[in-house]
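What follows is a set of structures for review.
In the two complexes below, chain A is the common chain; its partner is chain B in one and chain C in the other.
Entry: the complex of A and B
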């Protein structure tokens, strides 16, 4: 591979690659506003200036070059440290700040603002600007975003995103020179589902999230990597949280899944994570027709005693698992039903997208609104779109029904069949019609409160991490299932979801070769599925 | 009615042939729009041109707002351009401009309520030897004084 030198450090590049692209790939920080790998290069902000001391032919460049638009050449010597380039960065920083209001104390972007960072790092700290700054007002441009044009530094990322990635041409450039404004057409209001990406792209606080406005300072948030559970695509995200409260979900780059993007439906998924009203918050048992709260020890003992009393086997026991459960939970659930009762587990099948539409963003939204249908399928749970299998199983009047999550909660026919069972045990995260008929409610955790893996619609296994603590009496489903299994007399070597996944790798054919470490930060496809 | 007639459409087709993309013919097409509409791009024509050039409405609006010479509002019967750049400025271009502003009671970019005069401040009319200059309706630029302007405006008002 050809090599160029950035501050005397060799950097390999592919032919035709620009300096900034190769440098960023090697972990170098080149200051930039308008450059984004997903968008076309416009070399507009001039912040990524480099001093080319040797163009590869022994001669220095006559002036500073923008690294985003200059292709690297073999043997080229590039510097970000010379006085010339530092002077250039100083001037550009000062010019960029000419009309910026410096309202960082009330700006939502503050703390994760490129302008703030680079002005501090590369700016001089003073301005020769004596004129008044040009001002505009707030603009309500979309259902999910707000526009504050005073803060705009004219990088044009929003305009290019709406033209090249989203394709709706929402943003345009109007007027000229210092009056230039990036805005939507007259009173056009953006309504599509990919507005949040504009917030991520905007290097300053010009485009901000409606839901996150004035709520939290960005630097106070802890970011835990996770996977979006709002649909089967499994976009990589970070769960941004503070004081045990999830404040927002942001996309995390993964070229194999969502690239840099995610949809607004996924972003507002954070609301459910903070929802306490519809959560199953404490273990409950039905006594004389009423659900009453109980403590974990009592309820586990009661469940085990009751199961031993009924001593059902085979067809008399049915397991129903929702596909919002992680691979580990589904595996343990299935294992518990097979090992303890010799029974079968069923999972609802969800319609999958017929064929990709060719629009990358639209293809991110899957009609299947659960994160782990592919995992349930890979684990061999009985799945059928018409629910024939599960209806037949429930029509045999089983004595015991185990429910994990809220499967088929909309299907009153199946619920009525299940209600006839002697004992219904429900491991719930959110309350659902199942609560009306269950004998025991064991409260579980949401995807932001537990570790595990989801398998996305393309068969890619991806990790989730606990970001916040579950409510006081809620427990990780893995622990609930392991406790139940131990109570029922099955010894298991597992204790944590990590161990379960590592065990899955050796026990399930589809998960062969997968371990917590090999799945890594960007996921790993199931055995037999090409990356 | 918004839309070109057949004769202009023929010109448009000729323009499209000159460029690899229809969008590239945007500026000449906007000039045609202005030619057909008393020197401006009226309401509704932006959408029409966007469709014609297969580009977004935002792009059309961007181009129109970028160029001073593409106007959204119709000009007055007499469109006055006053030069205020260096040679004219040195010979009193700014005073001429201010005099017209006072006389017509309009600012550059506006039209008098009777629709007779509109004013525009421009950069160089390419006849600096005659500075200070004004140009009316694209005619040859002329050397003016405050007095000659007074007389001219008086005459034009009477003519209506």
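Entry: the complex of A and C
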């Protein structure tokens, strides 16, 4: 590979690659606003200036070059440190702020603003601009976003995204000179499901998220890596939270899954994570037809006692799990039903995507709104789109029905069959019609409150981490299941979801070769599935 | 006493010449075209233009033959020749003069150039507001089609060519070649990132050469007189003549054709007739508003690319703006920066924000609100814009502002608060 030198450090590059691309790949930081790997190069912001002291032919460049538009040449010597380039960065920082309102105190971007960061890092720290700035007002440009054009630094990322990635062409450039403004077209309000990406792309606080507006200071948020649970695609995300509240979900780059993007439905998924109204918040047992609160010890004992009393086996016991459960939970659930009762477990099948349309963003949105159908399938849970298997199992009038999550909660026919059982035990995160027929409720945790893995629609296993604590009386489902199993007399070496996944590899063929560490930050395909 | 050298203007200067196709041919027109198409290969045409040393007349002075030589051959894509007739640089009025008075001269150059680079569809990009020249040009092109000098099998050779006039919407920046190409493609007229250059990725991403009207008008002349004779005109490295447009407080404003390298002062006094009412010169802008001003003591120089550059300015479009002692330099600077600020396309930071800031600073002097800090600031902002913007407009706006405050500080001091 040819090599150039960035401040004397050799950087290998591919033929035709720009300086910035090669430098970023080698972990170097080059200040930039308009450059984005997903978008065409326009070299408009001029922030990425470099001093080319040797163009590869022994001669220095006549002036500072923009590294985003300058192809690297073998033997080229590039610097981000010379006085000349520092002066250039200084100047661009100062000029970028000429018409900028600097309303950081009320700006949502503050704390994660490239302009703030670069002004601090590369600017002079003072301004001599004493004239009135050009101003515009707020614009309501989309169902998910707002536009504050005063803060716009004209990087044109929004315009290029809407042209090149989303394809809706809803952003345009208007007027010229210092009046140039990026805006939507008259009478056009953006309604598509990928507006949030504009917020992430905008390097400043010009495009902001309605959901997040004026709510939190970005620097106070803790970002926990995770995976979006709103559909089967499993876009990589961070769960951004403060004081045990989830404030927003943001995409996390994963070129194999979602690149830099996620959809707005996924973003709105944060609401449910804070929902207490529809949440199962405490263990409950049905006494004289009424569900009443109980403590964990009492209820666990009661469940074990009741199961021993009924002492059902085989077809007399049925397990129903929904596909919001993690791989680890589904595995333990299935194992409990097999090992303790010799019984079967069923999961609802969801319609999967037809052939990809070729529109990357649209193809992200899966018709299956659960995160782990592929995991359930890989673990061999009984699944069919017509629900024949589960119906037949329930028609055999089982005495005990275990429910994990809210499977088939909209299917009154199946619920009516299940209601005939002597004992229904429900591990629930959110309340659903199951509450009306269950005998006990064991409150679980959301995906933001526990560790584990999901398998996305392409068979890629990806990790989630606990970002916030579950409400006081709710518990990680892995722990609930392990406690039940131990109570039922099964010894298990597992204590945590991490141990479960590491053990899964030896017991389930599909998970062979997968461990918590090999799955890593960007996921790992199931055995036999190509990356 | 400096005299004109009428080469490009030979026809125009002959009494009764009306620029029609008949008149052009009667004056010996289209001989070069015939020679090129019938007895020369595209390569030998390019070679002759290279040999002549012709440098572009659009402002930058890039050798025309070399530009054509850069065009890749056999790409499987069409090649385009685009004639830049935007002429929006303040003070410049030579291209429209040629189009109005002798359109067939540069059109002949356009056809020969198209033949040289293998173009079968050429464009003339003309400023939207220039309705009369556009109409005039259209008539000339229609007549060429009628005479079978355009269209299929020109002059019975295998060479086909169509010419389309494209009228811009009135932005100075659309004279910059890549912005021109964007505009020609129907997009917002703003300059492109280079590389890639138009030679490889120009109009519709095909190999393209953009040439100024006057540059093309020189091509038939070169073929007629031969590159060696052409090279004898003008000074070293600056062959040929230039159409100099003189304006300002001058006795005889107008277009004058002189050999490159003629003495600038003599052009002003001998051809332009000196200043009106016997006034003194205060400032000379030698190559359109983009060029740095020269003080009266700086104008005893050869008027060619290299000598004017050496004097710290630019030959540009050879548009001489000569202003007298009554001129308020602050007014001039203000008017200039208002223009550049208005014409900045707004895509790159230094130019978009810098022209705005400079305009505000210069206006403070205009409003008698200046101070020394602001003089320093103008110089600093202008210096910093220089070389960091995406296209040459940023430089063109900054250079003169810096030069004005540096060369005429006392004029700015008069406007202190």
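Here is the rule we go by: the second predicted complex is superposed on the first by the 531 of 531 C-alpha atoms of A that agree within 3 Å, B and C clash if a C-alpha of one lies under 4 Å from a C-alpha of the other, contacts with A are read in each partner's own complex, and residues count from 1 in each chain.
What we mean here is this: a residue touches a chain if its C-beta (ideal position, glycine included) is under 8 Å from a C-beta of that chain, and two chains touch if they have at least 3 such contacts.
As the structure is a computational prediction, the values presented were derived from the model and not from experiment.
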Give one of first, second, both or neither to describe whether A:511 is in contact with chain B, with chain C, with both, or with none. neither
Based on the superposed arrangement, let me know which partner A:69 touches: chain B (first), chain C (second), both, or neither? second
Touch check for A:402: first (chain B), second (chain C), both, or neither? neither
Can A:41 be said to touch chain B (first), chain C (second), both, or neither? second
Residue contacts on chain A - larger count, chain B or chain C: C
Considering only touches as defined above, state whether A:175 meets chain B (first), chain C (second), both or neither. both
Determine where on chain A the residues touched by chain B overlap those touched by chain C, and list them. 173, 175-176
Per the touch rule, the chain C residues reaching chain A in their complex are 171, 188, 193-195, 341-350, 352-357, 360-361, 373, 377, 384-385, 387-390
The residues of chain A that touch chain B in their complex are 159, 163, 169-176, 184-185
Residues of chain A defined as touching chain C within the complex: 41-47, 49, 63-64, 69, 71, 87-88, 91-92, 94-96, 98-99, 128-129, 131, 134, 153-154, 156, 173, 175-180
Any idea which chain B residues touch chain A in the complex? 56-59, 61-62, 65-66
